[in-house]
Structure formats: structure tokens, C-alpha cells
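Pasting the structures in now, so scroll down.
Heads up, the next two complexes both have chain A, just with different partners, chain B and then chain C.
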Partner chain A sequence: MDPIFNEAAIKIQNSSLLEYKKKGGRVIGYVCSHVPEEVIAAADMLPFRLRGIEIKSTAIGDSYFGPFVCSCPKALLQNAGEGRFSFLDGAIMVQACDSMRRLDECWRKAGTDFPGSLPDFFHYFAVPHKVTDYSVQFFAEEIEKLAKAIEEHFKVSITGQKLDEAIEIYNTTRDLLVQLETLRHRDSPPLTGSETMAIVLAGTAMPKSDYNKLLEATIEDLKKQRAKTHAGKPRILLAGSVVDDLTLIDAIEAEGAVVVADTVCFGARAYSGHVEKGDSRWQTLARRYLNEQFCPRMFGYSNERYELILQKFKDSKADGIVFQNIRFCDLHGSENGLFNKRLDKAGIPNTRIEREYGELADEGRVRMRIGAFLETLGRGKSAA
Partner chain B sequence: MITAGCDVGSLTSKAVVMRGDRILGSAIIRSRTKPEEAASQVLDEALKQAGLTRKDISKCVGTGYGRERIDFVNDTRSEIACHAKGAKWLVPTAKTVIDIGGQDCKAMRLDEDGSVGRFVTNDKCAAGTGRFLEVMANVLHVPIEELGKLSARAKAPVVLASTCTVWAQADVIEYLNAETSIEDIGGGINNAMAGRVASLANAVKVERDVCMTGGVAKNIGVIRALEKLIGQRIVIPRKADPQLAGAIGAALLAREMN
Partner chain C sequence: MRQELTEYDFIWSVNNLLSTAAKTAKGTPKEYQALLKRIPHFADLIDSMVGLGEPGIVFLESFAEYTDMILNAKAQGKKTCFTTFCQSPVILHAMGVVPLVLEVLTVAGTLIRKSAIGEFMDYCLEAGFTETSCSSQRGSMGAYLAGLAEKPDFVLIDTPGICDTNANSFAFAAAHFDIPFYQLNYPPTIDDDRAIEYHRKDFKHMISFLEEQTGKKLNVERLRELMLEMQRQDEMVCELQDLQRLIPNPVPGIYNLFIYAIRFTLAGLPACTRMIDVMLKKAKENAKANRAGTTSGKEEKRALFVYIDHYAANLPLFNFLDQHNISHLGGILDRYYQEDAFYKGSTSYKTETQTLDAMIDSLARQNAHLPMVKQIRGPYDSPEMWLEEIKRLAEMLNPDMTIYSGTPGCRNTWGMVKLLVNDLEKTGYPTHIINSDAFDDRVESWEATAHRLQEFLDLRGFN
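Moving on, here comes the complex of A and B:
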């Protein structure tokens, strides 16, 4: 596995990004998987998914957000305030959930208190909560507005041809990541959940043209691998709140399990479906980025999300499901509870944990719970 | 076959030495900053009581927060598995186990064979745990083992509005300043603790017999208040100190090892 995957997974200013910047490349950060990266790429810029990793405190975040708010946007603001996002030429805010929506206001205010922390291009992007004819139309117009805002601010032109090229590249990435996921379904997965997550995370933090080549080569290598390193370990499906660092999966795997599938943001949620090719590109982008997202921010699709979990559970031959939510994540917290009850009735082993975002401060507590869950599967560390 | 169980918790470390179904020696000490030192000391104390040495132990299982740091164990198991096993040994009819330790609180439902069917643990904070009672006992200048007895003498137990241990402590200080009786404050503290534990216990759907383990099982005030809230009598282990349940379970699991 190329070392850049791991580097980009744990370091925001990774060497691939710095190289890109050194060559004069421009970067636009975004905070939600509903942002169509193709639009940014078509402007010859790098779409970069923002993460709250590497922070040692949320002192800045805490002073702008209320106390009962998910620590994810707080960590993002912390990084902005500490200058870790200084490479950004622009940023796109989304009302992904209520906490993430507040990041728009908090970052704008923090921009006046921490000079240089607010990128010159700072765009609020509205994403509907339902999929209907009129919401897809609204969303298509939002995407077009985003494209126009980028064109005007950066004096660039987003042409149909450029969009088609970007759609092609991003669809290829999705195909490759689906292939990677399929490899995890093997009886003996050729890589751990943590290694997979590192690969997926790297894709959000480096140019796709480089990434796709490395990913393709990695998949070819993994296809040939026949070692039984992870055979016989309890197989876990990870679901719930955003997971954008490796520590949670590391903690699960340290208890003797292997994470073989997920439905989390930054994980499988980001690469499902294709953007169709067609004349009305705003429409096709809108359809993919509304239809192929499985976040509980979308109203009325709880059953579909439940079915998706069941399907992934079956496809990956998982033994159990770990639901986790970041403290104060109302969306995943409540849906995890509903799914937990339904799965209990269906006789599918599952557990729920609540955690803080980011590098695990309470690793001991989480590991105890995971270890006990694996024991209830009859597949604990000593059994593995 | 002589086996040992070592439970290194956040507040106390416990060790039990068993031969078959009989406890030969046990010890409870205050945990130290280094879990491996606490484990070593508590096991040696239990062995001393049993008149044995480490060479006499065939197998040893470690559990608790510090379990990964104990170098002399043959295996480690989660507190959930150990407490369930220990509780079933202490109270063979137990179907529900409530364990309140120093910084966590667990409720478990046992299957027919005594294995854990379902469990929940405190997630949001450690307000419903032994540490809560310890802080409150300190504020009241009452030994922790006396705190439970205050409930029986309380005439009008106070209500602690805050879930947060620190703010609840501030409430207690206010009651003390208002010259509220120690008994009424103590009763309120035990009721508050029981309320937090009850919500956790109800999450696993309490089924008879309910057994309580962990250090807080020695607090009669919390037990009586909890019985009212869950509508079930709680069986208090008599066979051994309920605080030893995790270590007992670990020793029993050591016996089952190949």
C-alpha cells in the first residue's frame, strides 16, 4: 500500500497536497458529502474534504459553539483558527445538519477574530432534505449557483467539457472504491478496516488523477493477495456518525475484530452511485448527490437506510454491527436507537456506543464495550 | 486446580484465588497509577490470605480498565463477561445484573446458560457511579460505607436537580448551608444515584432475579431506592463481597480455559 494513503489519512497538510499547492494549484475545502466535487474539479481546483483531525483541544471551537453541540464542527473551526487550513483558497459550507450549519456563522465570526482563518471564497451551499422533482430542481440550481460563484470569484470558466471530464474521473474513483469494498467481503479480507479507511480518506485529501492511479495499482496487488491474515476474526459492520480518522476502527480491531464494511460518512456513503452523463449536467449531479446519500439528514428514508445496512451486513458476511454516534449527534443518535431495536427483533447482533469526535480520548471505555460485544458474539479476542 | 481472577478497576483493584467453587483468598485495594503494580499487590494479598504463592496458580484471568497492563495473566476478558459470570456464581437465579463500579455502571441480561444476552453501559458521563457517591460522602464528611444507612433515617430526602456530579455537589453544599439534616441529604444522594441507574437497568428490560454487584451493592440506601424504581426486589449477594464479582468471574473463566 502506498505510504501516501496513510499520510493523507492522518495529516491534513499531506505531501501530495503540498506538492499540488507548490505547483500553484488552488484548493476549495468542503464539509459534507453532498457537495458535488466535480464542479470544483471542473474549475481546475482541488476539492478537499475538511476534517477536524490533529487538534489537541477544542478551545476555539468551544468559544463559538454552544456546549451541547457535536464536536465535529468545533474541531473543524479549531483547525481553521489554528491555521491548519491556511492552504485553502475557498470553502463551502453546508447545512448538512444543524451543528454543521452553525459552522458557517461561527467560522465567519472567527474570521474576524483570527485574521487569515477565513478563506476569501466562502460559500453557503443549500442542500434539500428530501428527494422530489422540485427539490432536485432546486438543488440543480444551487449547484449551478455554486459553479457561477466559483467562476466569478476565481475568474475561471467551468465548461461542459470540463465537467464531463471531472464526472468521468470521479465516477472512476467510485468504481474503484466499490471494487475495494468487494475485496473486503472475502472470507479472508486482504486488508483491515483501518487500512481501507486510510485509502478512502486519502481520496478526499489529494488530487484524484494521482489517487486513481495509486488506487488501481493497490487493488490489483490486493486481488493477488492470498494470505489468511484476517480470516476467522469476528467481522464487523460499522454504522452511524461520521468517521474521518483511524482511531475508532483501530480500537475495534485492537479487540480482535476486522471491520469489513461500513455505511458511514467518509466511508461507503461517499462512493455509492454514479453521476449519469447527459446534457443537463446540473440535473445529473443533483440527482446523484441527493439520491445516493444515506445520511439521516435526509427526511423520510429511514427504511431505505435500514435496508442498506441489512444488505451490507449480508454482502460483507458480517457477524455483528457496531453503531456509534458522536455525542449530541441527534440524527444518528436517534436513528441508531431505532435500528438497534429493529435489529434486535430480527436477531442480528448489534451494539451502540457514544463517543467524542476525533482521536479517541476515551479509548479504554470504547474498547471495553467493543470487547464485551465481541464476547457476546462468541468471537471475542480470546476466541479470535 | 487453583485459579485466580484480577480485576483492576478505576478506583479499586480486586483479586480472588479459587479452588473449584471455593474462594481461598481475596483482597480489595485502592488502585494505583500503574495498573500492573496494583494488580501485583492485590494478587499477592489474596495469595497471602490463602496461604499460597504465585506458583500455586494454574491459570489467571485479568479484567477491568487496567487489564491490558497486567503481565502475569494468561488471558484477559471484558468486565461485562466477568461480572456476569461472577454474579451468576454469587446468585445462581440471577437473570439481570446491575453492576456499579467506580466510574462505570452496567446492566446485563443473562441468558439461560448464564452468558450475556444484552448489556448497556453508561455513556454520557460517570454521574451514576461509585465516584459520585465517593464525592458526596466527602462533602458530607461521612464514611462512604455509612452513606447508605442515612436513607433509612431520612424524613424528607432532598432532590438533587443536577445530573452533573460537580453541580450536584454544589447542591449538597447549599443544603448543608441551609442546615438540612445529613440524613435527608444522604437520602437524596442515594435516590439520585438510584434514578440514574434505574434508567440504565430499564434499557435491558429488568427480569427477576435482579442481582447487584460492585462496590455500590453495599449501599443499602441506593438498593432500596432502586427497588422502588424498577419494581423488583434486588438480591444482594451473601456468598462473598459483591465488589469481588468481577474478580470471581475472572477466576471462574480461568478455570474454563484449556
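Moving on, here comes the complex of A and C:
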């Protein structure tokens, strides 16, 4: 596996990004799976999914957000305040969930207290909470509005041809990541969940054309791999709140399991579904990105998300499901509760964990819970 | 859950207590005093309500009427639906659907079933819900989830895009009961063409959903009749709220709670008109006599609530303000943006009833302006959002202080309240954040909340 994947997964200002900037490339950060990266790429800029990794506290975030708010946007604000996002030429704020949507105001205010922390281009992006003909139309207009804002601010032109090229590249990425996921379904997965997550995360933090080449080569290597490194380990499907670093998966795998599939933001959500070709590119982008299976912020689609989890569980031949939610993420937390009960009735082993975001996670407690869950599967360290 | 809490239907017990309480005032003073001794748990609350005179008694009767509607819905062949406090119930009444307004029912529960409502909240956790979710739904929703009230037929809400924890509670309930779910969904802007068109399409879609659930076509004449009555109610509410601008403010603080409870359950129905009418009458009497709405008739300070109130048993917040001769100038729950509203700014709604399309547009626009739906849908400092509204209200109502009260579950306001408070302080309004839970005083006891509020008053020189 190319070391750049791991570097990009654990370091915001990774060497690929710095190289891109050195060549005069421009970068737009974004905070949610509902943002169509193709629009940014079609403007010859790098879409960069913002993460709260590398922080040691949320002191800056806590100064603007109230106490009862998810630590994810606080961690993002912390990074902005500490200058880790200084490479950004722009940022897109999203009406995603209530915690994340308020990053807009908090970052703008922090921008006055921490000069230079707020990018010049700062755009608010609306995403409907349901999928109907008129909500897709609204969303298509919102995407077009975003494109125009980028064109106007950066004096660039987002042409139909450039959009088509970007769509092609991003669809290729999705195809490759689906191939990678399929490899994990083997009885002996050729790579760990942590290694897979590193590869997926790197795709959100480096130019896609370079990434696709590296990913293709990696997949070819993995296809040839026949060592039974992870055979026989308890296989876990990971679901719930956003996972954008390696610590949680590392904690699960340190207990002897291997994560073989996921439905989390940054993970499988990043590559599910194609942007289909159609008459209106805004419409086709809207149809892919207004996806009811992405996140429980899309209210009333619990059954669709449940079916997705069941399908993934079956395809990946998982032994159990770990549901996790970041504290104050009620959207995932309560849906995890619903699924937990349904799966219990269906006899599918699963557990439900509440945690803090990213590297602030209480690793010891999480490992203890995972260890106990694996024991209930008869597959824990002590069982071995 | 303790067995004694499972003995009676939740709605029946609320109904029984309130309707009985309303009757107590009809006895002689001696009978009334004797009765209070026999209901020690509710004596303070009932005495407070009865002490308000006609408005207090009419409130008890009106809310009893609402809970009667719920209890008799099935027998009358009506459907029931879980809905939000910021949804106009007129369309539901027109379709013969009884709205189960969870937040308002939770408030009723906190007022009269203090020990029970906490356990109902906790029951939600047993059903898989998160403890960090908003308590305003968790109270009454827990009673429903536990089977202590009749299962609703469907869910219809208007908070997606406004408040995740609220919308999520209802989505959870729909999934738990496996019943149909409809959401009115709001963009972050309010008055541009795209937002207006979205509201309109969404509202029409909702009517189709209601027709499907009830098996009936919308009765246009009935809707018109209800809307005209609601228009009358709106005009009276505007008049009442206009009186709050007077110094001293002649409107008793508790009326803000009454308006909220009645407006979102009975709007368009005669019971709502009667309730507003008696409040308006009393406030006008006070105004004429240059009396404040406080018990003493004096006003020493004026407080504008930037969000909601505090609903612990026996209404201690309202009592606290009253005892300190602080006029309550209303909160977010009392702002509806009728075209006659003194605070309307650049946006409002008008009730139009000439054609069905006009009625639908009018209701869609009204819904888009109801509490929370209007103020916190977009960035707090965008046009017509939270900050602009509070500053405008403050200019017009002359408060000495502004106060935030909410719930820890309110992710949306807690994400921006520090910014709001900073801006208000910079503008010159001393502002206090109440850190407790408005619906669950187990999170912070009222005594602790009152202590901090008193400290704020002392430190800022209000005493």
C-alpha cells in the first residue's frame, strides 16, 4: 500500500496536498457528504473534506459553540483556529445536521478573533431533508448556485465539458472503491479495516487523478494477495456517526476483530451510487447527492438505511455490527437504538456505543466494550 | 417505570386533573379551600391558576377540552397524529384529524405530573432513544411509547431544516410505531422566491398525504371557516402583544404560556377565541388602570425571553418573575408574524381565504413564520433570523434584560447562543443564559436555576 494513503489519512497538510498547493493549486474545503465535489473539481480546484484530526483540545471550539454540541464541528473549528486549514482558498458550510450547520456562524466569528483562519470564499449550502421531485429540483438549483458562486469569486468557468470530465473521474473513484470493498468481503480480507479507511480517507484529501492511479495499482496488488492474514478473525460491520480517522477502527481491530464493511460518513457513503448521465448535470448531481441512505438527517428513511445495513452485513459476511454515535449526535444515536432492537429481534449480533469524536475518543472504554461484544460472539481475545 | 404510573392513561389523567381543577373555582371559598387540602400535589398549581381569575379558569377548561378531543377521537372516527408545536393545527382540524402536540403535552405533564414525566422521558431511552435528545418531546412521547396513551395513526411535522432533535424524535416515533410519516421541510432562507415555492409545493404535498391518511378530500368550506376564525384570533393576539409594549406592561407573564398552549392545539376553534378574548379583556383592564400584569400591579424591570420559558412543576419561573415585579415580554413561542404584528419587520403572513390556492399559500406562508421555523432556520445573523428579530423586539419592547432558556437537547440554539449573547451584550442588553432544562428539572433543580438567575439580577444591578 502506498505510504501516501496513510500519511493523508492522519495528517491534514499531507505531502500530496502541499505539492498541489506548491504548483499553485487552489483548495476548497467542505464538511458533508451531500456536497458535490465534482463542481469544485470542474473549477480546477481540489475539493478537500475537512476533518478535526490532529487536535489536542477543543478549547477554541468550546469558546464559540455551546456545551451540548457534538465535538466534530468543534474539532473542525479548533483546526481552523490553530491554522491547520490555512491552505484553504474557500470553504463550504452545509445545513447538514444542527451541530455542523452552526460551524458557519462560529467559524465566521472565530475568523475575527483568529485573523487568517477564515477563507475568503465562504459559502452556505442548503440541502433538503427529503427526496421528492421538488426537493431534487431545489437541490439542483442550490448546486448551480454554488457553481456560480465559485465562478464569480475565483473568476473561473465551470463548463459542461469540465463537469463531465469531473463526473467521469469521480465515478471512476467510486467504482474503484467498490472494488476495494468487494475485496474485503473475501473470507480472508487482504487488508484491515484501518488500512481500508486510510485509503478511503486519502481520497478526500488529495487530487483525484493521482489518487485513482494509486488506488488502481493498490487494488491490483491486493487482488493478487493470497496470504490468510486476517482469516478467522471476527468480522465487523461498522455503522453510525462520522468516522474520519483511524483511532476507532484501530481500537476495534486491536481487540482481535477485522472491520470488513461500513456505512459511515467518509467510509462507504463517499462512494455509494454513481452520478448518472443526463440532460441536466445539476439534476444528475442532485439525484446522486440527495441520497436518503446517507444519513439520518434525511428524516423518515430509517427503513431504507436499515435495509442497506442488512445488505452490507450479508455481502461482507460480517459476524456482528458495531453501532457508534458521537455524543450529542442524536440522529445516529437514536437510529442506532432502533436498529439495535430490530437486529436483536432478527438474531443479528450487534452492539451500540456512544463516544467522543476522533482522537478525543475514550479508547480504553471503547476497547472494553468491543472486547465484551466480541466475547458474546464467542470470538474475542479470551475466547481465542 | 413505577407501577402506579402505569395505572392510568396519560392523556386521561391530564384531562381529569385539569377539568376537575376548572370546576373547583365554581364552589364556595370554603369548599375550594377544603378541596385544596385534599390535592396537596396540585394545590399550588391550581391555586395559581384559579388566582388568575377568569383567564386561569378558562385556560384549564380549554386545555381540558383539547384533551377531551384526544380521548374521544377514535370514538368519533377521527384520526390522530403526532405533530410539532410550531405547526398550525388549522389544516388538521379541517381534515378532522386531532393533533397530538407532543411538546405541549409534555409541558402539561411537567406541570401536573412532575414525578411521572421524568419516568416517561426515561422510558424513551429504554425504547432506544438518546438521553441527549430534546426533553420537550421525550416526556409525552415516552408515555405513548410505553403504551400509556393511544397509539397515533401517523406523524406529521414541520421541523426538518429547523431543529434536528425535534424532527428526529418524531421520525423515531414513526419508525418505532411503524406508522406513516410526513415532514414539511424548510430551506435556510424564508422570503426568497425559491423558498416560497418550496413551502407551497411541500404544503400541497402534505394535503395529499392527509387525504390519503384520512380517506377524505379536504373540506374547503370547513377550512375557510377555521381560517377566518383563526384570523380573528390572530388579530386579538396582535392586540394583546401590542399591549406588552406599554410601560408598565399590563399583560401577565403567564399569558405567554397560555397563548403557546392554546394556539398550537386549538387554533381556528371557538375555545381558542374564548381563551384569547378573556386574556385580552384582562390586559386591557390593567392597561386602563395603568397596572402591570404582575400580581402586585407594579413593574420594576422588564425581561425579554429570546427563546422559551421554564416549565417545572408549579411554574416557578413565572412566579419568580412575578415576585420580583419583572414583566415577561414574551419569547419565541409567542411570535407568529401576522401582518398586524408590531414586530413583523420585512416579512409576515396574511390570511387569505378567497380561493383554495390562496388558502394553501396563506397557510404555507403562515407555517413558515411560526416559532423556530422562522427564526432559527438559517445563520443566526442572516436577514430576519434570530439576531435581527431579537434586536428589533428589544428596540420595540424596551427590556432591561434578555434571557435565554432552553433545553440541553436544543443542538441548534446551543450552537449559536453564545454568539447571540455576545451581540446582545455589545448592543447594551444584559443577557443571561439559563443552563437548565426547561422541561426536566432533574437536570438542574429549579432552586439552582433561580439562584443563578438571582445572581444575574444582583450582579447586573437589577435589585
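Keep this in mind: the second predicted complex is superposed on the first by the 377 of 384 C-alpha atoms of A that agree within 3 Å, B and C clash if a C-alpha of one lies under 4 Å from a C-alpha of the other, contacts with A are read in each partner's own complex, and residues count from 1 in each chain.
The rule we apply is simple: contacts are C-beta pairs under 8 Å (C-beta built on N, C-alpha and C of every residue); 3 or more make two chains touch, one makes a residue touch a chain.
From a predicted model like this one, the values you see are computed outputs, not experimental measurements.
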item	value
Side-by-side fit of chain B and chain C on chain A, or clash	fit
Which superposed partner A:F114 touches (first chain B, second chain C, both, neither)	neither
C-alpha centroid angle, chain C to chain B via chain A, nearest 10°	70
Touched partner set for A:P128, first chain B, second chain C, both or neither	second
Partner chain(s) touched by A:R327 [first = chain B, second = chain C, both, neither]	both
First (chain B), second (chain C), both or neither touched by A:R369	first
Winner by number of chain A residues touched, once chain B and chain C are compared	C
Partner chain(s) touched by A:I353 [first = chain B, second = chain C, both, neither]	first
Touched partner set for A:K341, first chain B, second chain C, both or neither	second
CA minimum distance (chain B, chain C), superposed complexes, angstrom	5
Residues on chain A lying within both footprints (that of chain B and that of chain C)	327, 354
Residues of chain C that touch chain A when the two form their complex	127-130, 132-133, 160-161, 163-165, 167-172, 174-176, 181-183, 185, 187-189, 194, 198, 201-202, 205, 378-381, 408-419, 422
Residues of chain A defined as touching chain C within the complex	63-70, 73, 95, 97-99, 101-102, 104-106, 109, 124, 126, 128-130, 132, 134-135, 138, 141, 296-297, 299-300, 302-303, 325, 327-328, 330-331, 333-338, 340-341, 354
Residues of chain B that touch chain A when the two form their complex	65, 75-81, 104, 115-119, 121, 123-124
Of all residues in chain A, those that touch chain B in their complex	327, 344, 353-354, 364-365, 368-369, 371-372, 375-376, 380-382
